[in-house]
Amino acid sequence: MGFIEAVLLTIVTAATPLLIAALGELVTERSGVLNLGVEGMMIMGAIAGFAFALMSGNPYVGVIAGVGFGALFSLLFAFLTVTLVTNQVATGLALTILGLGISGLWGEAFVGVPGVKLLPIEIPLLSEIPLIGKLLFAQDIIFYCSIVLLFGVSCFLFKSRMGLTLRAVGDNHTSAHALGISVSRVRYLAVMFGGACSGLAGAYMSLVYTTQWIENMTAGRGWIALALVVFASWRPNRVLIGAYLFGAVGIAQLHIQALGFKIPSQFLSALPYLATIIVLVIISRNRRLTIINTPASLGKGFVPDR
Amino acid sequence: MFGDFTANKNIDFDIKPGEIHALLGENGAGKSTLVKMLYGSLQPTSGSIRIDGDEVEITSPGKARALGIGMVFQHFSLFEALSVAENIALSLAEDISVSEVARRASEYSERYGLPLNPEAIIGDLSVGERQRVEIVRCLLQEPKLLILDEPTSVLTPQEAENLFKTLNQLKSEGRSILFISHRLEEVRTHCDRATILRFGEVIASCDPREETAASLANMMVGSTVRNVDRSSRNVSSDVVLELNRLSLSAQTQFSVPLSEINLKVHAGEIVGVAGIAGNGQSELFEAICGERISIKSDSVSIGGERVGKLGINKRRKLGAAFIPEERNGHGAIAAFKLSDNMLLARHASDDQKFQKGGRLRLIWQDMIQSATSRVSEAMDVRKSGVNPYAASLSGGNLQKFIVGRELDRSPSLLVVNQPSWGVDAGAAQRIRQALIDLAAAGSAVLVLSQDLDEILEISDRIAVLFDGHLSEPLNAETASREDIGLLMAGVGMATGEAKHVA
Amino acid sequence: MSPKFSIRLEKRDQLSSFFSIVSPFIALLMTVALGAVLFAFLGKNPAEALYVYFIEPLTETWSLHELAIKAAPLILIAVGLSLCFRSGNWNIGAEGQFVMGGVAGSMLPIVFPTFDSFLVLPLMLICGIVGGMAWASIPAILKNRFGANEILTSLMLVYVAELFLDWIVRGPWRNPQGFNFPESRGFTEWQILPEMLASGRMHYGALIAVLVVLAAWVMLSKTLKGFEISVVGQAPRAGRFAGFDPKKTTLFVFLVSGGLAGLAGIAEVSGAIQQLRPSISPGYGFTAIIVAFLGRLNPLGIFAAAIILALSYLGGEAAQVSLNVSDKVTSVFQGMLLFFVLAADTLIHHRIKFSRPVMKTVMGA
């Protein structure tokens, strides 16, 4: 395996969880709900994935558990913000704090325990293609999922009736309600889809990215996924670009050090966070673009007039 | 078709096939409750609704549509970020592809003379165009009954005429139309029957063609409508407000740029600015009051001072007072007490009275409280308790408070946007009278309103705002409704003329 | 129709003053109740665990001192955050501002260890405040100037600040005589925020916190600035009508909260730790968010809430020692508490209606 191939492979590994979590959050936000708890749902997916894979010895059980726990955990958020109409920003923070707490408690027994690795599935023939073969067709199931999700979310949002309904709810919940659309049902489902995606992204962290449990192992990736949605101005295809861009920044530190540059490791570790800030600034500068694309009822609770 | 109908306030009425039936009533008379029940957003607690003789339960808007009831809302229920075709697709029960919906929409819009572009994004459309989208959206479902909630309030008189042509075509196809309005003239000329509501009950049912506007109004309000008292005023030659080639760029894609607006308002006169919603009223208001600062300082002058670059409070200190269109969240904050709402608009103009402690800027509650009581008494604000939350006041009473808050300062200039929007007739009359009294006392008053009747009732001179351009003011006594209507449609305006010639 | 049980909200005309006061207590009770379940789940006797957690730390003098040491930074940070949250500015990066305050304030004693006079401490505190302010000004300026979302930028800066602290303590500021431990040199004499009483470790940070609570209370309830903050947060449009510049408000609240977080940071470093370490906060900046909400964004409420959250830290330590329960239980508790606080606040704005299927009387056809 050449150097370039190795670099590209690490980019894919770093980008996949960002892509999945951001796509899920994109759907949630398109329905008008801002769930800042991505970090918390991801870490829940990571611990659940790790624990269930270890207990069953089967990494696929871990994947399913990650998705399930992510969705279940987001249900808590949905109940508060949709049914009880609590402040979405504060509730999202609560979800993150709680997720980090629960995962820390649950994971204590697993610190230092080697986990189960989710192995790649080589697709015959296609994986033989030079350079991209190994990159795209000899990956694990979660990577394939991320690609399917990308096209699935695009089609769902812009080609299906349900996607249209979801966008309508995110644009104007009062009008949607007047048309007889159940705003709360759409939002519950959208939040849970986001939770399931975050859970899957978390499971990737503990089953593929590093096959062990480390407290706070998502290390802000949930927040970066949130920034990616803004970066992508709520368009799935741009999430793909953003995720791989950030993946590249994120792994830059590994390779820069490998190449022998004498830059303190902390500075390199700070790169993804600094890049997030810079990207947010560049995107937000164009206010017109942001205003047009932001779902109009994003972050606003809805209480029907009877 | 036959509808018999008993609602929670014992409302009985019926609509016949092929008729335009007017539902008349003041704000709060129960029109919207009734309509919501017909459209399934609300359920009656007792009584029944029959369509074509069959009793029906309209449990949801979807059910209403399935039963052949279509509704055009006053505040449109469209999705700004979606296209016309997508908007229409959402309201259809079956799952039809958006392109197929677009094709059908074009077909209907042609048949009924309602031009539309199915690909357009709603956010880019004018108010009149949006209404056409709503109507086409209903027609696609072949409704037996079409309900229109105050449809003409957003249209020019000429656009309203076109709407009635469409409605008559629908009527001739045997459909029924329930037409909600408080514009008595159009009800008299275009409707076959009228039902009048007051306090949630049916007061009368009549043939409007045999009534006069005055008799209809009396039925609506329950007593003889008092006209405002326009005793003579002395308009002086002192210019209090001067707009000099005021231009403003659009801030968002949905706002209107102002171009080269000139206007002088003199002490002792009321100048009315007519125009349909969305032609730059809020932008003009923001530019005059200083919520948005102009580039040139001489584009706005108050009392001879150039204030174009000054903020709202500096303008207030020159004797100006401002009343925005939106009560909740702009002119007042619902979650705040009245005294805090007093402080909101007057903390700077009355800093000597309302603040103490020098640089600490402590709030002087006693003084604010007494001003609140004074205003409430002067404007007859009905409220529970001495200092309740603004949210607990009715729209009319809150608006009276907001108007009174500014009048209490005896301003030399008052700029007000939509003074009586959404308030009951009693409060509206009171507010209009207060504006007239202020002018009579020698202040300059600028009124922006979409209600042409209101403008005609109180103004000395009338200018029309169209697409960010302001017409030359006309003398109110000689100007005709038709002239103003044409200006409101952009005909004869500086830009409109250019287009005509070309 | 199938019978359905559903929850429906009805907006109150005005806020319920009853629930404004009661809702934090409802949240506390529910947290304690669920906490008991959690302990039972972990195989501990719930009653005993709750006693160790919430009562025992209050029974001894030394632990009361520890309580004050932990409550003081929470109060300082949460008071600042309450100004931000009231004005609709979501500063969630207080942890980073705390860290940068600690770093900036430690500059004098570490870089100029021989400069030892009574002036050092005041200068250290000022540096701490300035450091926190500078760090907080970044998201404020980016929001004002470019419209960048302050939630994300302030949070990203937490990671950056933590990495910066880690680098400076392991690198340039490492104690040359420290046997290669990742620590700065220890502070001495004038560089230490002194203890207040002979009976324990509580330092003057606690007094500063009390003074800040009082000042913030006066500002919020009696001055025009406090009014401005509420107006801008409640209705930005009305804020412009009142002539308040929302950008100035944003900068103001970020600077105040950053300054207070920075002050808390240097007070913690100078008073409690007395040297710089790779990590100087057990998550005060995030716990303070919970404190701010539990205290209903009111300085007096925050004072009480900070004591409760400080107790949860102490209880966590105590439970670890005497019950062998992980101290991670603390963050679970804190997360649950914030959830319940937010849920209970719904009662202030809404009535909750539980609807059961209603039999419809069918009228005669």
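Residue numbering begins at 1 within each chain, and the chains themselves are lettered A, B and C in the order written.
To be clear about the criterion, a contact is a pair of C-beta atoms (placed from the backbone, for glycine too) under 8 Å apart; a residue touches a chain by one contact, two chains touch by 3 or more.
Everything numeric here is computed off the predicted structure, so don't read it as measured data.
Chemist: Counting C-beta pairs in contact, which comes out ahead: A-B or B-C?
Modeler: B-C
Chemist: What is the chain whose Cα centroid lies farthest from the Cα centroid of chain A?
Modeler: So the farthest one, by centre of C-alpha atoms, is B.
Chemist: Measure off the straight-line distance from the CA centroid of chain A to the CA centroid of chain C, and report it in whole Å.
Modeler: That gives a centre separation of 27 Å.
Chemist: Indicate the whole-number Å distance between the mean C-alpha point of chain A and the mean C-alpha point of chain B.
Modeler: Taking the mean C-alpha position of each chain, the two centres sit 45 Å apart.
Chemist: Which chain A residues reach two or more other chains?
Modeler: As it turns out, chain A has residues touching two or more other chains at 306.
Chemist: Among the residues of chain B, which are close enough to touch at least two other chains?
Modeler: In chain B, nothing touches at least two other chains.
Chemist: Residue numbers of chain C touching chain B in their complex, please.
Modeler: 13-15, 222-225, 227, 230-231, 234-235, 237-238, 240-243, 245, 360-361, 363, 365
Chemist: Over in the complex, which chain B residues touch chain A? Could you list them?
Modeler: 40-42, 60-63, 65, 73, 76-82, 86, 89-91, 95, 98, 252-253
Chemist: Hey, which residues of chain A end up touching chain C in the complex?
Modeler: Result: residues 36, 76, 80, 83-87, 89-91, 93-95, 97-102, 104-105, 108, 219-220, 223, 226-227, 230, 264, 266-267, 269-270, 273-274, 276-277, 280-281, 284-285, 287, 290, 303, 306 of chain A touch chain C.
Chemist: Which bits of chain A are touching chain B when the two form their complex?
Modeler: Residues 161, 164-165, 167-168, 171-172, 174-176, 178-181, 288, 291-292, 295-296, 306.
Chemist: Could you pull out which chain B residues touch chain C in their complex?
Modeler: 46-48, 55, 57, 289, 291, 311-313, 316, 322, 324, 326, 329-333, 335-336, 340, 343-345, 347-348, 355, 357, 360-363, 388-389, 391-392
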